Amino acid sequence: MGSKYQKSVRVWFPPLALTLEVIFIVVFFFFTSYPAAVGEKKTLLRTYRAFQDVFLMATLGFGFLNTSLRRHCWSSIAFNLFLLALGVQLAVLLDGLLIQLSLRKMTIDMLSIQKATMSATSVLISAGVVLGKVNLLQLVFMTLIEVTAFSATRLVGMNYLSMEEHVSMMYIHMFAAYFGLTVVCCLQKPLPSASEDKDQTAMSPSLFTMLGTLFLWMLWPSFNSALLEEADEKKKAVLNTYYALAVSMVTAILMSSLAHPQGKINMTHIHNAVLAGGVVVGAPSHLIHSPWLAMVLGFVAGVISIGGVKYVQACLQRTVQLHDTYGVHYTFGLPGLLGGIVNIVLMELHEGTTKSTLDYQGLINLGALGFTIIMAVISGLLTGLLLNLNIWKSTHKSHYFDDQSFWKFPHLAVGY
Amino acid sequence: MGSKYQKSVRVWFPPLALTLEVIFIVVFFFFTSYPAAVGEKKTLLRTYRAFQDVFLMATLGFGFLNTSLRRHCWSSIAFNLFLLALGVQLAVLLDGLLIQLSLRKMTIDMLSIQKATMSATSVLISAGVVLGKVNLLQLVFMTLIEVTAFSATRLVGMNYLSMEEHVSMMYIHMFAAYFGLTVVCCLQKPLPSASEDKDQTAMSPSLFTMLGTLFLWMLWPSFNSALLEEADEKKKAVLNTYYALAVSMVTAILMSSLAHPQGKINMTHIHNAVLAGGVVVGAPSHLIHSPWLAMVLGFVAGVISIGGVKYVQACLQRTVQLHDTYGVHYTFGLPGLLGGIVNIVLMELHEGTTKSTLDYQGLINLGALGFTIIMAVISGLLTGLLLNLNIWKSTHKSHYFDDQSFWKFPHLAVGY
Amino acid sequence: MGSKYQKSVRVWFPPLALTLEVIFIVVFFFFTSYPAAVGEKKTLLRTYRAFQDVFLMATLGFGFLNTSLRRHCWSSIAFNLFLLALGVQLAVLLDGLLIQLSLRKMTIDMLSIQKATMSATSVLISAGVVLGKVNLLQLVFMTLIEVTAFSATRLVGMNYLSMEEHVSMMYIHMFAAYFGLTVVCCLQKPLPSASEDKDQTAMSPSLFTMLGTLFLWMLWPSFNSALLEEADEKKKAVLNTYYALAVSMVTAILMSSLAHPQGKINMTHIHNAVLAGGVVVGAPSHLIHSPWLAMVLGFVAGVISIGGVKYVQACLQRTVQLHDTYGVHYTFGLPGLLGGIVNIVLMELHEGTTKSTLDYQGLINLGALGFTIIMAVISGLLTGLLLNLNIWKSTHKSHYFDDQSFWKFPHLAVGY
């Protein structure tokens, strides 16, 4: 493992990261300040809790979600935190600068960090697709491009396509999934043998993956309701997400049992399916007026997720050479897309009284959905081409932890 | 392992689960809606946090609590979530229908889901007794019966025996423990050799079990105070639970050291004893007026828990053939019973001024306690007899995960 | 392992712990009560959340932080909880008695338990230095002395050196680190061979250590803002801590990559560096007026932490025979000291208008900082000498868990 270690990372990573961090500090020095006006303690507490839940999802949930690949369990958690820390700093600055579109000092409060954390989550989702295929240096570039692209997409959507902030943020699952998939399509394919070795281990999910999944499952209602302002909408979002998650859990066990010739349950299916329930109600959660619809959506998401992994994935891998290790397409991509469409339909029905403006607004909403996907694919293509350049001299391995600390851990060393 | 896989589960589980889920969705479609009246955002937040704590206990706490049996660690977590998801849907409907006793539409808010989650926790406690002795199909039936029985017991207790809602819910530990123990008594006994093999591994608790225990320990104050309305009672419940837990922790280490001939500490003792402290103050927590009483109760609970596992369990296993793998009787059963009795005594002392009504109310309270236990035993007996029918063709194994995903995980494969 | 088991612990630990617990209960019986006046439900909730976060850090964060030493992973968690439970009971009583300085009944509310939990955290930090070098009996004595010393230090600081409560509590990292280091300096040195065996395994951190680190990382903003009263200060503390943590994470990866000849990343570095970011902004967090300063402090903390472990630790170990297994000095000691100094400088600048009183107050603040360190060293010296007495008949091993439960766990048995 040590011998394959890449020179480009060893030489370029420390100065690059240092430069980035210094730039961030300088920009923060010149362009940011805390707001002078002081809110109430109660409001502070409320914001802090929502922020904490989102932060918890990003660190513990996504951190432990991708630990099941034997070779990447350290990298997954440490890189996840590193990318999150980078991404949040960038997203705070971008949100401030792009929204102001000027160089005045911007004020930073807890809400702006919360939104930045949510934006940076896109990197963590995409990392699930590319982990193990790129090195740390490439991940840094991917983070910079993806956060910028997603912030720009959100800004354009909100300013020119009249999207609500909540909806524009909820498209994150879809954006991140298609961004990641496009990047991985562009990357040089690993040799089949190596790929197979990795796939094999990808089938053995660990209790830590379960832990990450549970954290995500549990906090999904907070994520889906974080940007809603009205108490009524917030409550509906929480309850609908909860119902969708409960049904997708039942569906996961059911479908996994059906999918196996002997009725056995595959834990990877469970991981994917339970999250799909939260993703699918993301965008429309505040518009669903009674539990049954959320339950049906949760059911459909579970079916899509496990059916996708079981039947579509193998097909895609053969035809497009798409190597989606964790099934991100079926956990985040398709359910996110479905959620977006359901949201548009519900908005149509909701405002269904005035027929004339209806179609126009519906088209714009569809356009916003399409725009998000197109931006994801374009920026993903750009990233993929950039990461494919020869300068990375990449052998496509990101697990270059200290041999000593890696191999001495018996839990991990066993099994080779 | 694959060869022992039961045909009944393979064939019947998917259609049964699908049918159940469809029934749930249909009932939700016809009989539920969200409340039209909108609460304040502050109230929402308060309810959401309490709900989240209970949810966290149910998923992470109970999910990881029973992972120490080598063969059941996957099943434990996935089945736990599955049973929780089923149980919550059923409990929401039952609570609504039974309380209304009519077929009008019922409104569902966060509090009703919170109560449903607490009710469904009973299944998770009972599952600790029967896990490894029944299959998934049997677990589904057990869930349906237990949640129905517990909801009915609570309803009768509140409507006809003048129990407070808080107390009726806190009897859950006792109910679930005696329900589970009765079920396991009725089941056919596994062969001695297999049983011994399982016992052996039951002695090696893992760090994940510790994680589950810690989540439960930490959130127990939230559970014990969740249904109390007055701020003063809520605060007392939190503080008393905290003191009881702290003392039961100290007692656990102390007793475990005493129980071993060489003074060594057994982690299984710790798991049981620290939870017993939270169980024992469940019912009376809001009536305890100074910390020392909670501390004494925590101490007694620790002694009961470890003394029970050490001295009574072996005796019961010989005489009644009761096979209580995780010591649920000593963690939830006896401490819950003690808590119930202490609650009744404290209520007597509390209202001790008017002598005439005193005895009458005291008798009713005792009757409610007895009624809960009797309901637990009767419904447990019913479940046990049902699960014992030949139709299950059970070889009494619930661990039928995909061999591939199970055996490839080195952590688990090692040790055989 | 069984043969080395110490008679002193076996014989003396149970009666000692029992006596202590009985004394606590008696003191609580005579001297404590709950407050009669009832607060609002909203205030209760707010306090409860802050309390819960601190409690979570103490149990899950510190519990899992020190699990990486192969031989101490059980001891670490169980002992951690035991010491926490003991320490909190003692700290509640001490805070009450010392602040009142009389024997009247004291009232205990949630805030006093929160402060007691924070004080008891000092034991958990120090335990990171001495774990594996002392037995359980010695740990109990260490807990009693350290909590008493820290409470006395805080009291003197607040009453006679005009320290704010927040600052006096934030010196806990520094206090605990230097206390622990002094204790370990006094202890008899383990034989070199055994020491080397332990060091070797100390290099293989586990995912559980990562879990503990993440819990601490995530909740650090709560810890740093727990004792601040004004909403504005609270918010600044949260935001500054967040920025410092984010930058220290980036710095950790960067420095770890720089420190290794081949650019590989060492997970032990990451654990240390990410926490150092939270420690350094502890004392001054409410005085920092814009993000960049917190970011610079986080950067410096990361550099100190990894630089210290890499270059200074080996030197200290050779010269002073200081054996700091987990690098507590560089995670808590030095960053805490730096934070204290920054706090004094910021207070000077903040009140910089009235020149005359300035120097005087600055000197007092410096004195308070020095006083805390001196108290830590003196009480640590006292503890170290006490623990070095022959009565302990110590072979310096604290891992005396039930052989059966320990060795049966394959995960741990492998690797020997």
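Should a chain be cited, it is by its letter among A, B and C, assigned in written order, with residues numbered from 1 in that chain.
Note that in this section contacts are C-beta pairs under 8 Å (C-beta built on N, C-alpha and C of every residue); 3 or more make two chains touch, one makes a residue touch a chain.
Treat the numbers as computed from the prediction; the structure is a model and nothing was measured.
Novice: Which chains does chain A share as contact partners with chain B?
Specialist: Intersection of chain A and chain B contact lists gives C.
Novice: Since chain A and chain C share one sequence, what rotation angle in degrees maps the C-alpha trace of one onto the other, as a multiple of 5?
Specialist: Rounded to 5 degrees, the superposing rotation is 120 degrees.
Novice: Please tell me whether the contact surfaces of chain B and chain C are same or different in residue numbering, using the over-half criterion.
Specialist: Here the answer is different, because the shared fraction of interface numbers falls below one half.
Novice: From the C-alpha centre of chain B to that of chain C, how far is it in Å?
Specialist: 35
Novice: Where in chain B do residues touch two or more other chains at once?
Specialist: 42, 49, 211, 411, 414
Novice: In the complex formed with chain A, which residues of chain B make contact?
Specialist: 2, 5, 9-11, 13-14, 17-18, 20-21, 24-26, 28-29, 32-34, 38-42, 44-45, 48-49, 52, 55-56, 59-60, 63-64, 67, 73-74, 77-78, 81-82, 84-86, 88-89, 108-110, 113, 136, 208, 211, 400-405, 408-411, 413-414
Novice: Would you tell me which residues of chain A are touching chain B in their complex?
Specialist: It is residues 42, 46, 49, 200-201, 203-207, 210-211, 214-215, 217-218, 221-222, 231-232, 234-236, 238-239, 242, 245-247, 249-251, 253-254, 257-258, 260, 262-268, 270, 274, 289-292, 295-296, 299, 411, 414-415 of chain A that touch chain B.
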